[in-house]
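For reference, the structure is listed below as structure tokens.
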Amino acid sequence: MKTVEEIKAAIEAAVPGAGVEVVHNPGPSGQHSLRLDPSHAVEVAKFLRSDAELAFDFLSNVTGVDWPDREVTEKVRVTRPVTRTVDGVEQTVEETVEETRKHVERGCLEVVFHLFSIEKKHGPLVLRMRTVNRTDQVELPSLTPVWRSAEFQEREIFDLYGVVFKGHPDLRRILMWEGFKDHPMRRDYVEPDDFDYEPTAHDEVLARAKAHQAALQAAAVGHEGTGAD
Amino acid sequence: MLGEGILKGLAETARNFVGSYVSKERLTTVEYPEQRIAPIEATRDFPFLVYDGKDWDAGLRCVACQICEKECPPKCIFIEKSKDKKPDAVGKQQFYPARFDIDISVCMSCQICVEVCPFDAIKMNTEFELSTTDRFGGLLLDRQQLAKSNEYYHEIHPTEASGVDARLAAERAAAEAKAKAAAEAAAAKAAAAAASSAAKPAGGEA
Amino acid sequence: MTKIGTKLGFGRKKKPEGWNRPPVIEQTSEGELLEVAMGPHHPSTHGVFRMNLALDGERVIRLKPEFGYLHRNHEKLGEGQSYLASMPYTDRLDYLCSLTNNWAYALAVEKLTGQQVPERAEYLRVILSELTRFQNHAGTIGFLMQDMGCSGTPLMYAFREREKILDLFEELTGSRMMCNYMRFGGCRVDATPAWLDATRKVVAGLPAFLDEFEALLRSNEILMARTQGVGILPPDLAVNAGITGPLLRASGVNYDIRKVDHYGIYDRFNFKVPLGDHGDVYDRFMIRMLEMRESLKILDQALKEIPGGPVVDPKAKIRGFRPKPGEAYGRIESPKGELGFYLISDGGPNPYRYRVRPPSLINLTVLEDMSLGQNVADVVLILGSVDIVMGEVDR
Amino acid sequence: MVEKLDQIFVLLSHWLVGFLPAGLQQAAGIVIGVVVIVCLYPALFALAVLMERKGLGRMQNRYGPNRVGPYGILQPIADGIKSLTKEDIVPLSADSAVHFLAPIVVVVASFMGFAVLPMGRNMVLVDMDAGLLFYFAMGASTELAVFMAGWSSRNKYSLLGAMRAVAQMISYEVPLLLSSVAVVMITGSLSLTKIVSAQNAYTGIFPHWYIFTPWGFAGFLMYAISTTAETNRSPFDLPEGESEIVAGYHTEYSGFKFALFFLGEYVAMFSISGLGTTLFLGGWSAPFSFLTWIPSWIWFFSKLMLSICVFIWLRGTLPRLRQDQLMNFAWKFVLPLSLINLLVAALWRFLGEGWQRWVFCSAILLIAYVFMGLQEARSDHFGPRSYRYAE
């Protein structure tokens, strides 16, 4: 199989302005990936599927990854002029100072595709796409029209991560029930404390559930009280 | 195409019908309460705590390091570490589990606790007739219920147990040797120090 | 009088609103459609699975699968605990083939860390996963026949052999189904020579079972009439929809990950990949039948050649296992299809992302395509021939 | 003595009736007969259920029930007690009157057939001249009951099951009748006692059963196929195909009503096997001339139980057909063959004695069978396949 760099070149030749980036994988698996620009993703996907040499006709795995907002603390070496008295003479000296800077890196939802070729028997080619943020701009183009195998997996990502796939024929929740609000696979998901727990003697779930029931009961009593009035 | 496949199938079921009366190979069912299959050595179901010697409380190998509690995938182990130390089977001062509960209604018999235990203190039992009418209390085994003697361990997993014993003995011997060496070294040092201190005043006197 | 009437069950309660509404959902030019919810508690949906069918007579006009009844967020669990602690949970994905699940996960982690697996462990893995494949295929055919109304006879024969294989598993791994046997960089315990001999004995007895199974089923006219030409899956659709495993090969696509990836040591064994030409239920049944014979071939070779040595990489760590940052996708040919694990490590003790690519779920993508225009009775067969385990579909 | 043993039930009945005044004697005789039948067949039902469970178990390499009583023989009693003590659930939206009546109609209709079956020499409740006709009339009314059950339950599976059942039973009624007509043609009588006595003769030691003639053999096969379909037994158990439509028309029945359906199914199986025995297997006549000393009713019931065993054997082996295939099989295969069989029976009658008619009749039937069997396979495009391998 071609290397990711070669594939990148091929894509850029075929789809002008595709905006493909190589993402290096530091681990020993050597599965480097290509990050696609969502606006050209479908064209790139079509190219990858139909190109005679690449022939990625089999989309094996589609999955989401949640990258929450995170505070990055980095130490930066800054060089700045300092006025200082050296040997009784005031001088301006360039000095390197270490400074800690904090900034919040905006999180995003990422979708990862693993492609193989059944015809050429090579792979995997890893593709990634990122949403703009994790809250309101979570739309990505659906690759289901190109590879049917994405159908259920994209539904699953929609269900568990909340990525909205544009162009998906039937985007509904798949594992959670209709009417469920949250996206459980996100890293900041908080489990509700009112589910039917399986009580075990030492479980913190039990404590939480008890607290929840007590709160409910208190609320009910309060409600009754107002009703009597 | 004219029913010979069906006839073949009928012959096959007839053969099995007769075969189930003739051959033990075919009729694999064991009629459980009366008959039992021979115990398989590697079988595992729920964990127990091994103790050495006669007294279960004193002999528990567990030192409440809580690694198993941390590693347990379904989080069914609950350990409270003791505040004080008491001598273990060989007389070394150790922490001990003031409380050690396993909720076997949650346990999934994966034996990861056994693998991560550095002290060979927790092992898998083969006792499976554990049904109880008490859903919560009856399935929460405490320290005493979990404690089983090393002899029992030898009985259910003989090969594994002798391996563990050999390893422990080797470790103990090594530790003893080390301790002995250390003690000897200390003694030698002390002796040397004593000698030198003895020499000093002597020298002073001289 | 009224009292007796009530006792017998006449006119006792007020009927609910709309009780006499005919069970019709829509009118079409051809007639009325009947909506039937097959499942979640239906005898042959292989677990809690539901198909919303729209029927014209008994012909299927629409089929929408619904799942999630067994959802326990396996992937979230995996992200909240150490790498090793996920291993016993993989047993519970496809609970019929815990050993192949173990292998897939171990393979993905080994790709993530670059660990090497000792020779003997590789052989043991092959032996165990081929035994798993055998018992899974035998069971699947049994269940398929059960769906066809065989009153359990083939299933019981399959289970009789499965029993022997599970006994082997128990003897080696300590558990019959939830084996939790493979470790990153090898296997948990070594097989004794006695175990290997027992395995050889069992494997030597399996061809007789296959002959019996074939005599019972292969040329049965009713079976052929029921399955041939039913649930046809064209190869191009199969590839596009990511179908893997026996389902794909029954459609005539030559793709077996054992042959393509040569993971483990599969390149050392001499075996063939049976392919179907029609892609119908009969082909899927026969492909599984033939794959069992090929598995026996691999088993014979592996049991003959298995070398001595350690079964686990001596450098492998049980406690304090922290892979370097990176990601890996490892996949194997599980009995159901391509089972993949995708892991992202951030250097911590827990995986940052732990993803299972479940073959059962993705193979269901084409369920509707295969079932349209078929009979209700065929839908059951088609579902049975896909071979799903809900533990894996819902995760 | 042999004679006495053969007629023991008849004599017993006469003896009992003898205590009553002459005017009541005939009625009392019938009542006794009815009571005996109504008690005997449920007992046989219990036995058959046990046999089925044990036999299926052994075919599947299991023990079958063996916990209740020695060798599990009390299992049917335990089952009966269980079904009596279970809650009887009627769906809220069901048509409760029809829902209630359906199991009763099934059982009653199934029992009616026994009125005309000769269960031994002189052991027939009503020796009707048109016995066969009466039998089929009664047998057909179980269809009504099945449809009542399916319709009244207001369950989609029940409805599908009922539709299947009615279609299937009506379709298979035709070949069932036609294959019996061949017997009527040869015997020249619709009376079942006459049909049995026509077969109760021997050449050497071998009996003159109709199954040992070409037309009789073919007729028996057709009859057996139709019977299996008529009683909803595997491989024709589509109306209750549990893997497809849960339990078909009795999905919404529980407790004793379900047990009644179960009973009705088995009683129908007994009566239709009894009829088959009467028509083709010589009824109560002994299989060899030197065995005639064994009481006739023993022969009848052993043949009956033997055919039940065949039912069980089939159930343990075969998968189920599909609805359209079932219909095709009825109308395109069984029906034409039954018609040809009628022709063959006529030929048999008019060709006279001699080996020619054996060869001629067998040849016609064999050719027809092979031709139509292959035709069937060709029209459905099925057959054995071979597979290719990739390296």
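Going in written order, the chains are labelled A, B, C and D, and every chain counts its residues from 1.
As a convention for this text, a residue touches a chain if its C-beta (ideal position, glycine included) is under 8 Å from a C-beta of that chain, and two chains touch if they have at least 3 such contacts.
Computed from a prediction, not measured in an experiment: that's the story for all the values here.
Q: Averaging the CA atoms per chain, pick out the one whose centre lands closest to the mean of every protein CA shown.
A: Ranked by how close its C-alpha centre lies to the overall one, first comes C.
Q: If you tally the C-beta contacts, which comes out ahead, A-C or B-D?
A: Looking at A-C and B-D side by side, A-C shows more C-beta contacts.
Q: What is the chain whose Cα centroid lies farthest from the Cα centroid of chain C?
A: Measuring from the centre of chain C, the most distant chain centre belongs to D.
Q: Could you please state the distance in Å, as a whole number, between where the Cα atoms of chain A are centred and where those of chain C are centred?
A: Distance between chain centres: 29 Å.
Q: Measuring centre to centre with CA averages, how many angstrom lie between chain A and chain D?
A: The answer is 66 Å.
Q: Just curious, how far off is chain D from chain B if you go by their C-alpha centres, in Å?
A: 63
Q: Distance between chain A and chain B based on Cα centroids, please, to the nearest Å.
A: Those two chain centres are 42 Å apart.
Q: Got the chain A residues that touch at least 2 other chains?
A: none
Q: When you check chain C against every other chain, which residues touch at least two of them?
A: Correct list: 153, 157, 160, 216, 218-224.
Q: Taking each residue of chain B in turn, which ones touch at least two of the other chains?
A: 1, 3, 6, 9, 12-13, 16, 26, 28
Q: Help me check something: in the complex, which residues belonging to chain A touch chain C?
A: 25-29, 31, 57-61, 63, 65, 112, 114, 118, 121, 124, 126, 147-153, 156, 160, 173-177, 184-185, 187, 189
Q: Mind listing the chain B positions that touch chain C in their complex?
A: 1, 3-6, 8-9, 11-13, 16, 25-26, 28, 40-44, 67, 71-73, 108-112, 115-116, 118, 124
Q: Can you list the chain B residues touching chain D in their complex?
A: That would be residues 1-3, 6, 9-10, 12-14, 16-17, 19-21, 26-29, 31 of chain B.
Q: So in the complex, the part of chain C that touches chain B is made up of which residues?
A: Residue list for chain C touching chain B: 81-82, 84-89, 91-92, 153, 157, 160, 163-164, 167, 170-175, 178, 180, 188-189, 205, 212, 215-224, 318-319.
Q: Which residues of chain D touch chain B in the complex?
A: Its residues touching chain B are 55, 58-63, 66, 313-314, 316-318, 369-370, 373-374, 377, 383.
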